[in-house]
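Letters are used for the chains, namely A, B, C and D, taken in the order the chains are written, and counting of residues starts over at 1 for each.
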């Protein structure tokens, strides 16, 4: 029997992707949709300007949207996927957790909190048990789990695959798609025939979330990894798919061939939304490319290529679909992990 | 009286920009236009598919194009600007020099030759005298001077401004415009809603040309600078303007404010095409941007911004108009330097 | 001595273009800048996110922005250029006119009012005297003059050039740039790798404003022209420059050569911002193109090309820079016409 | 048992789409791939620069490409899909037909020949029997069938749906994607931030092919329809999906609601690649849009919207995926029609 789930912030760009992924999902059944007060009481069709590239599912379109408030969501909903603006998420996600809901959230608030697991299932599924600590400390029946920022998800799996070589220093430059900023995040006049070398607080997310994801959980607390990361972030005129240039310096010798093998062999999981091949490695030096490769593994794979010896250590490029693997799909995958591990 | 000049490879993208810059130039008078055999004998209007954003000058349009051969160019032409494909340049530029022509070339062949000065006038005008060594060794009456690759020109001025701090390690990621590959270099199907993390041999150019440009010439030979550079190059959907993310590590302490001051104070020259302000430094963190800032100083300035303390040293962004400052304008500026220094 | 002018709605896209055009204008001196209440009291630098491709003029940057209210604008300002949202314009433009200000407005409100001249100086300068009727009827010391919508300005001059052939039916399809919708009018997610075949109420503007512009003023009232126009409007991923496909059917025989000659010979005016050649006609079938040709005549020319016999009558294409000739420059030109005709 | 098929011109853009559609097709089995002499003897992986957005099928990648010559193609291949350049097609397609092959061709040569059926199965399947006339006249064992140009396919189904109203005059303006010109057809420098109001001989194709498609076949000869069509064609910066603005004038009264109903009710076929809903009609005035709607019906549907009363008759917009429904998919559908009708 399917778990009844809800989507907090269902009308936004990530909310629509969540619906697109959850509607045909055999383990989850959409039972609640929330949005801002101004949308409450409307049908989803009225409340959302649907812009995903598949038609809006009819049964979803006719559902009534409620406010994002625990009092307005049915009690028999067990799992909530959240893609709220972070300021809203910070205010209401804990309220839902107190009321007993398990929340798998894409919002940036609380990602770095000590007792909140920040999880990419293929990378650090064992961090999930930080939820026990969380429940003890906060007295919640529910739970709050986070997935990282879309630009963090793109490169951390490749770092995880190379961890055995003793990573010490990482430089990463990002070329990020406009969908990462939401529907109205980037004006066409800002970005056509242009690039913007700045995304507010994004560099800090890559630098800190990566260390938490690669950190060690001893059953009681989490120690962040010692790898040092320097990030520079750019917005470019692409719709979907974040491309990243990465340089790594490791304690051990690390050749391009070593790195390719390690990435190819890095295991996927048996979760429903996990891709067969987690990291898809290209031999062609000009791949991956956003439009060509963002839908590998139905948008859930990481693509990598261009591995070569750098002046310092090794360099390569990686890519992920930022609104699927980097946002909605990441939250769904965390939901599947919660289910598999008995948290639902 | 104006120096009579010619353009080798006059029909290509950089050739057209050269004509756009040279036609109104008070010190130079266009007296020869060359192209491939198939264009020889045609008027320039017939031979070139003019695509620059100002109309083709009438007097230029009616000139007859000749083959790119010393026998076909008038003897009273003194200075040749070359934007030939590098394989062609390698074959014919030396032939012109032997015949006594001074060649200011944008082509990539011979840039790293020991006796060929590779010059950005504001950065290493003193390397010009390597031409004496060149003439001695090669027995030429003419001379061959090169400007660097467009992506190299973009960031080297900022490194020159920081040289006093003892630069040791540099990482640079480039976001390059399609015009850098010439009119037919990048198909629209390759680049719309996409980015390509690979430009053939481009990374090597940034890594090696930069050290030559920052090197020391003692009157007899040139010692390359010891700074180590790692580059990663990307093509993005912009028309003009290469944007670059730079991280620098220096021997001395180097704050963002230090770097901004050093860049702002780095002197321009009195050459006709030099911009008033050589490096234009923005305080706004989201600048420079290609479409907004590529025409600063009529396309001859370098723009920089986004200076901040990085995990390792300092990071910032820089930008230059790749077909003006990075190609045609660079060659013209070197022509002006040759004139000022009595080589014409 | 320069006329003291103000800009109503100075912080928007057209407002910034107005400042860019007016600041160096020898006949006008910017003495007032207005915006919404939330900007009042700030310097222009603080109030506007400057995005035009030339730096913000220093003296303008330091001016204090006032609310858009007659009480807040100095009495010694004589002429106001308005680029207000039409709902705001409808409310406040008449208030300024009552207080004696002459308003040259780009806003869409009141364009079709019987006593408001809608003017493209090269096309229907004689409609200006409708201001006498306006003043009589409204009892204003000031006056209100409008320029048409940007998509209307693009094709009406070509119709005016062909009027002698007895135009009967016109079909026009537009390919409009994103800047026509203002800075935040078109999201990048809407338009990259896309086109939108709908612009709210735009088709009606082309169909009705064109007939008013081509109408006859007998000194007392204006009769709209009888030409019938059908328009279909599209937004495409270009920054500036509206391109239009036009089919015309005329009472008299009208060949492609006739049409080209008539357009080439259609006179410009001696106003300061009028281009030397009003309608620039291309023989190349693939021109005009937005990025290549939008800056002809400093953005104030109309470009046309592709004239050929159609299945029905004649077809051709035309182009104008939508934020210069189609908006800010249109208002400035009307200001120059007002000055020349003694209305200031 | 599957029919053995070959692809003539297998390495180009449409050739790759053909392979993408044919490889999983249950009724067809790819048994031959041809290309130019320079590719003959190579594996398909070596010969083609694969750029479709799904990985190259392994078994196809390892096939050996032959020259496009009847002598080089196995006799047990029955059906050939052709996407050759038209000059090549004109030379070799008849040679294949003489040797007994049935050719379903997307190439533009011979489309207007009197004895060559030009077919969109949902529109004029009955024209297929023109093949009997063809075989009689040419003495072929094989047969040649054509699908129309991509821009023609986009709007003709909507005209067919309205035929009952007595169509008299049609104006159509196209906004065409770059993929219509092949991989190297449109340079990025031509089209970024631009539009080109000209596509060589395209307008003629819309004007003439449409009348042939809507014509009547009496068993012996084909009479073209009397509707008059005027077309204006534009290239815009989109990857896939041709959008068209259409105005129709009919003998009978034709309201927007009539037109929408007629389009919605226009039947699809039972062929494997036919979409469930042939013409998908939007009520939203701003749809269809290329990126949002080009994959309706797996790229085989026609989308229409924006129906409204025009100054003259009715206007609306339509859209089709130009390399699927407009090219490769059109040829495959014609292959299915040939199979169903016993021509294989």
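What we mean here is this: contacts are C-beta pairs under 8 Å (C-beta built on N, C-alpha and C of every residue); 3 or more make two chains touch, one makes a residue touch a chain.
None of these values were measured; they are calculated from a predicted model.
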Chains touching both chain A and chain D, listed by label: B, C
Furthest chain, CA centroid comparison against chain D: B
Chain centre separation in whole Å, for chain B relative to chain A (CA means): 42
Chain centre separation (chain B, chain D; CA means) in Å: 47
In chain C, residues with contacts to at least two other chains: 51, 192-193, 237-239, 291-292
Chain A-facing residues of chain D, complex: 51, 53, 192-193, 239, 291-292, 295
List of chain C residues in touch with chain A within their complex: 13, 51, 178-179, 183-193, 237-239
Contact footprint of chain D on chain C as seen in their complex: 169, 171, 173, 175, 192-198, 207, 228-230, 232, 234, 236-239, 243, 245, 247, 285-292, 305-306, 310-312, 315, 317
